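After this come two complexes, each holding chain A, first together with chain B and then together with chain C.
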Partner chain A sequence: MIRYTLRRLILLFVTLWLLTLFLFALNYFFPGDALTNMTGVRANDALAYQRLVSERSFDSSLFSQYLAFLGHFISGDWGQSLSTQRDVFTDLLPLLGATLELSVLAMALAMAIGAPLGLYAAGQQRGSMDRVVMGLSLSAYSIPVFWLAQLFILFFAVKLGWTPISGQVNPLFDIDVQSGSILLDILLSNSPYKGAALADAINHLWLPVIVLAIMPATMLIRITRNSMLEVLQQNYIRSARARGLSETRILLRHALPNAMQPVVRQLGLMFSILMSNIIVTEVIFNWPGVGSWLVKSIYERDYPVMQGGLFAIAALILLVNVAVELFHAWRYPQVRKELYAER
Partner chain B sequence: MRFTQIAIVVPFATLSALLSGCSPTVHDAAPLQEGIVYCSEGNPESFNPQLGTSGTTIDASSAQLYDRLIDYDETQQTFVPALATAWQALDNGKRYRFSLRDDVQFHSTPWFTPTRSFNADDVVFSFRRWLHEDHPYHNVNGGSYPFFTASGLNKLITQIRAIDAHTVEFELARSDSSFLANLATDFAIILSAEYGAELLARGTPEQLDKRPIGTGPFVFEDFRKDLIIRYQRHDNYWREPAAIKQLVYSITQSANKRMLKLLTGECDVIPYPLVEELALLDTGDEIKITSTVNPNIAFWAFNTERPPFDNVKVRRALAHAINRQAIIQTVYNGNARLATGILPETSWAYSPVDLTYGYNPERARELLAEAGFPEGFSFDIWAMPVQRAYNPNAQKMAELIQADLAQVGVQANIVSYEWNAFRRRLARDEHDSVLIGWIADNADPDNFFRPLLSCAALNVGTNRANWCDPKFDDLLLRAITVDSLERRKGLYHEAENWMYREVPLVPIANSMRFQAFRSDIQGVEVPAYGGLSFRHAYRQSKASAAASEAQQ
Partner chain C sequence: MSAILDIRNLSIELETENGPVRVLDRFNLQLAEGEIHTLVGESGSGKSLLAKAILGFINPRWKITADRLWWRHYDLLALNAAQRRIVTGRDMAMIFQDPSSYLDPNDKVGAQLRESIPTGELSGVYLKRRVDRQTRAERLLHRVGIKDTADVMERYPHELSEGLAQKISIAMAIAHNPKLLIADEPTTAMEPSTRGQIYRLLAKLSAGQGMSILMITQDLTAVIPESQRISLIYCGQLMETGPTEEVMQKPYHPYTDAMLSMSLSDQDIAPKTRLPTLSGAIPTLQHMPIGCRLGPRCPYARRACIHQPALTKQQQVQFACHYPLHKDSEHD
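Here is the complex of A and B:
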């Protein structure tokens, strides 16, 4: 396991390093001055610009420029925004919190809906409920998120008036931004109206969370169903049945843990899909997250922000994937054995 | 099979737990009753109106954060005291002396605590900032003061000094009939000299315009780009403090989104509503739409420095080629008046003679042929990405113009950028032609000419036609130096005639400024000249609304 963990971690660092190389190269491919693209300081601010030229080794070779870039990047100096002149890294942290909150809740909801429904469908194999669940999941899977979000907004918010459509909480509840995650921020705040603010925040949350959860949930339904059906064909299930164990016990104790193995493996992929949907969802719901920030920066050609947003999202996806893989290998020893046997 | 029952129960339990979160929210929580959410249409460029002319910046700063020496009372059409209690013109209008109020407190915030109240130093500081190029703050945050340069105020005022702690005196280069009007605009705000000095000592002068300190009815608290601006009530305000405790600008760029947020109650007030679309929805009496006559003009400006627009025949041809009546119907839904010149009907210098080119594609083709373009040509139309009072949908307008121009063989490409980038690029004259407009800052007709078409306006980037004509400039100068209204009117008419000959821009429409409110919001002021004011705004509680209905 240690060897496997090390291999994964090294691969993670290599990928992150390649990502920094890519970001560094982007500065030269974007139109305009490379140093400005990197730091957000324009040449007409002569004093600061001159200081940066030496700080960032722009008076020397490309290689030392990269080293300087890497040094600053690791120490959290990601430059300043071209449009607001604010520090990119400081601005990024609360946005990341908001994005994480949305994605974690959506992922949790997807699992809470997807896995049980998949099991249910497997139990009803080829029955009418199986067909209904599978049909629904296939059609839900094929609905694009931007359309679904608009549809939900029109129906739940405008028609029924159940929910607001933008932001994290009613801005009049003056909640200080600390972690970026609104539920945490409300709990951390010293607002005398915590209860009301919390209710309001949940009211803002549920619609985007459902919109985001639908795609991974439908994937989970199908993966869970298929793997459950496969496991039910295995000999150890047959022998369990032969030994006269109750059906519920067979399913819960013998089939389910094994059926979850391929499901866990797919979680990383599902998270990647979730992240691409989250960008669209954040824009539609005015969610103050990394996704909407990145889209805005593209509109405004704000290169330092664009790089920060790209790196944050890419790194998040990588980290989650590695974490899932490590968990997978740790939880399912047979996977580890397969991995080592390959060598 | 019990297991499958469990499997089906879990997802539904989760969903219903989530949905229970959407039980009706606590609408009567105190903060929600004591604040107002205004869904503004964009990010302010800074919080100092001296630095720009964008309506978004003014709405977010002038009336909320600052005060001026004098204010303009629209109903009385006179100037009324604000920070100055009295003023007198001396030396035949070449010297003005202002007596200042002495009980005015600046905002006290976590980043600045004032030790003294407002005095003459603050006035001198605020005016010298843009007046004197060697002022320590002159070049901070861009160093460009478009309104003051374009209106000529920076050339007009030769000297400003404090006579004593509560008296200041302005010396003018000549007597100018628009001087007081310019002082009453949203741009001539008063900053805190003490805050300025403190920031200089701290080495962070750029904060002056980003974390503003003023004397206005609201105190700035926080700004997050694309998301929110937050203000708190200024409890020591020298006039009656605002009725609401908190004011929030929720930045919502899409007009559709603003309308939806108004319907769901997330916005209390929105600017530039989609009037037609709102009328189609059955909103009952939840939403009111009001309109104010707005002294504005939407126009299509040609970059007259660039060929082929340096040829007056080409400009006339294009003016003939577009069907402005169709634009009024389609873009404004009929809620605008066909412009007859650059001055709107509300101006006292307005003359009813139509000084525009009628829709005449035949004539346009002839003129193009005469100018040497019988086959037409291709160019860019820049269309604003945002709605403004003068133009609710520049994109649509550009498409209509594009179709009209295709009829005479001219190919137009529509170009747009994010609003701040758009304005920056315009100021650098990167455009061929642009659909934009102007809202008057004061009641003086001069405000439609010098900021838009004078040579002085070239440098500050408000002269979208990039047009500089000495004869025209001379007319404008004469118009502000004479005192008689009749003679000024004549001169402005002459100037309009000259514009008719030269066509640096095509006037399109004068429109109304619309805003939509939740019906429990009262007292939001939309002055014809200048930005929104929330000083008198309040939320009518349900109980008092019912009571007032019962009285009726």
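Here is the complex of A and C:
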């Protein structure tokens, strides 16, 4: 396990390093001045610009420019926004919190719906309910998220008026941004109306969370069902039956843990898909997260922000994938053998 | 002979697109208490189906008929599914080739072993039962010849060699002291030394506690000396059965003869290749010959062979052939 962990971590760092190379190169491919693209400081601010030229080694070779870039990048100096002049890194953290909140809730909801429905469908194999569940999940899987989001807004927010159209919380509550996660921020705040604010935030939250959860939930239904059906065919389940173990024990102790193995393995992939959906959803719901921030920066050609957003999302996906892989290998020791034939 | 398992004229018919096919055709088998009986047949000969029929793993679409299918004093065909499960669950157990696939890959060996000990045999309150279970599991491992029990119990199935996995399967199978153990090619794909260990273990268990063993194998090379009796099956028909010595020394049946010369001439022949002394290949399910199913491949076949030969008894040996290789002078 230690060897496996090390391998994964090394791979993670190599990928992250390649990502910095890519970001560094982008500054030269973007139109305009590379130093401005990198730091957000324009050449007409002569004093600051001159200082940066030496600080960022722009009077020296490309290689030392990269080293300087890397040094600044690691120390959290990601430049400033071209449009707002605010520091990219400090802006990013609460946005990341908001995005994480959305994704964690959506993922949790997807699991809460998807896994039990998949198991249910497996239990009803080829019965009419199995067909209904699988049919529904296939149709839901095929709906593009931007369309679904707008449809939901039109129906639940505009037509029924159950929920606000956009945003995180009513600004009247005047919640200070700390972690970026609105629920956490309300709990951390000293607002006298915590309860009301919380209710309002949840009212804002549930629609985007459902929109986001649908895609991973449908994937979970299919994966869970198929893997459960496959596990039930396995020799060890049949021999457990032959040995006279109770059906509950067979299901809970032997079938379920094994059936969840491919599900766990797919969680990383599901998260990646969720992240690409989250960008669109944040824009539509005007959610102050990394996704909408990134899209806005692209419209405004705000290159420092674009880099920060790209790196944040890519790093998040990588981190989650590695974490899922490590958990998978830890929980299911037999896969380590498949991976490296180690004993 | 007091048979605890008595099978007379057992037939199994499967429904296929081209009508019913008899995969087991009037099969006979008698097994005495504490006896090791080896059933030899190539793949597709119906030997695994026979094991399933005995254990009651029956597909409802199969048509099973028999003059007798008795286990001790139970008429197995007269029991309903639930009663049958109780009888077979209590009295019988089975081990297989590829033993590790019969162990849950996600659960430690110790946990699975403890689980296989019947709860009814434990007494006392929760904690005492737990300790009891543990000591019984250890004793089971000792019985199958595993000394380092603590180490093995902590392992996952993928950390076991095939030989060790088979020993653990055996330990789990004998946890409730079955009276019949069916071993379906238990040593396929194992090294010769491991193979020997497993066979010795099975023979010891049989002798030690009067457990009958039905050993199912592909060919005659795997017949162990402890096996008292042997039966050869070809395409669902019983060819020859009798005490191992006599059948191997002086076979009556052309099929036995062919299998014998194969096992002598080429010990390492790959499975499913053509037999060196029988021309042709094993017929498919859809094209079963009528009469003696060995007919198309039998060098001695004549016109009478389109009728299925009845079992002929010569002393201890029984065979189904119109033209046996020799006649016993004293009895004919």
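Throughout what follows, the second predicted complex is superposed on the first by the 341 of 343 C-alpha atoms of A that agree within 3 Å, B and C clash if a C-alpha of one lies under 4 Å from a C-alpha of the other, contacts with A are read in each partner's own complex, and residues count from 1 in each chain.
By our rule, a contact is a pair of C-beta atoms (placed from the backbone, for glycine too) under 8 Å apart; a residue touches a chain by one contact, two chains touch by 3 or more.
Note that the structure is a prediction, hence the values are computed from the model and not measured.
Trainee: Following superposition onto chain A, is the placement of chain B relative to chain C best described as a clash or a fit?
Mentor: fit
Trainee: Which chain, chain B or chain C, is in touch with more residues of chain A?
Mentor: B
Trainee: Should A:W162 be classified as contacting the first partner (chain B), the second (chain C), both, or neither?
Mentor: first
Trainee: So, does A:L102 touch the first partner chain B, the second partner chain C, both, or neither?
Mentor: neither
Trainee: Return first, second, both or neither, reflecting whether A:I214 touches chain B, chain C, both chains, or no partner chain.
Mentor: neither
Trainee: How many degrees, to the nearest 10, separate the directions from chain A's C-alpha centre towards those of chain B and chain C?
Mentor: 160
Trainee: In the superposed arrangement, which partner chain does A:I279 touch: chain B (first), chain C (second), both, or neither?
Mentor: neither
Trainee: After lining up the shared chain so the two structures overlap, which partner does A:N258 touch, if you call chain B first and chain C second: first, second, both or neither?
Mentor: second
Trainee: Looking at the overlay, what does A:Q334 touch: chain B (first), chain C (second), both, or neither?
Mentor: In the superposed model, A:Q334 contacts chain C only, not chain B.
Trainee: Based on the superposed arrangement, let me know which partner A:S239 touches: chain B (first), chain C (second), both, or neither?
Mentor: So A:S239 only meets chain C here.
Trainee: On the combined arrangement from the superposition, state the nearest Cα-Cα distance between chain B and chain C in Å.
Mentor: 18
Trainee: List the residues on chain B that touch chain A in their complex, please.
Mentor: Contacts found on chain B: 1-4, 6-11, 14-15, 18-19, 21-23, 25-26, 29-32, 34-35, 37, 206, 224-228, 230, 246, 248, 250, 252, 257, 260-261, 263-266, 418, 420-421.
Trainee: Considering the complex alone, what residue numbers of chain A touch chain C?
Mentor: Within the complex, chain A touches chain C at residues 234-236, 239-240, 242-245, 249, 253-254, 257-258, 261, 332-334, 337, 343.
Trainee: Can you list the chain A residues touching chain B in their complex?
Mentor: 83-86, 109, 112-114, 116-117, 119-120, 123-124, 153, 157-158, 161-167, 170-174, 177, 193, 195-197, 199-200, 202-203, 205-206, 209-210, 247-248, 251-252, 286, 288, 292-293, 296, 299-301
Trainee: Where on chain C is chain A touching in the complex?
Mentor: The touching residues are 55, 57, 85, 89, 93-94, 96, 98, 101-107, 115-116, 118, 156-159, 172, 175.
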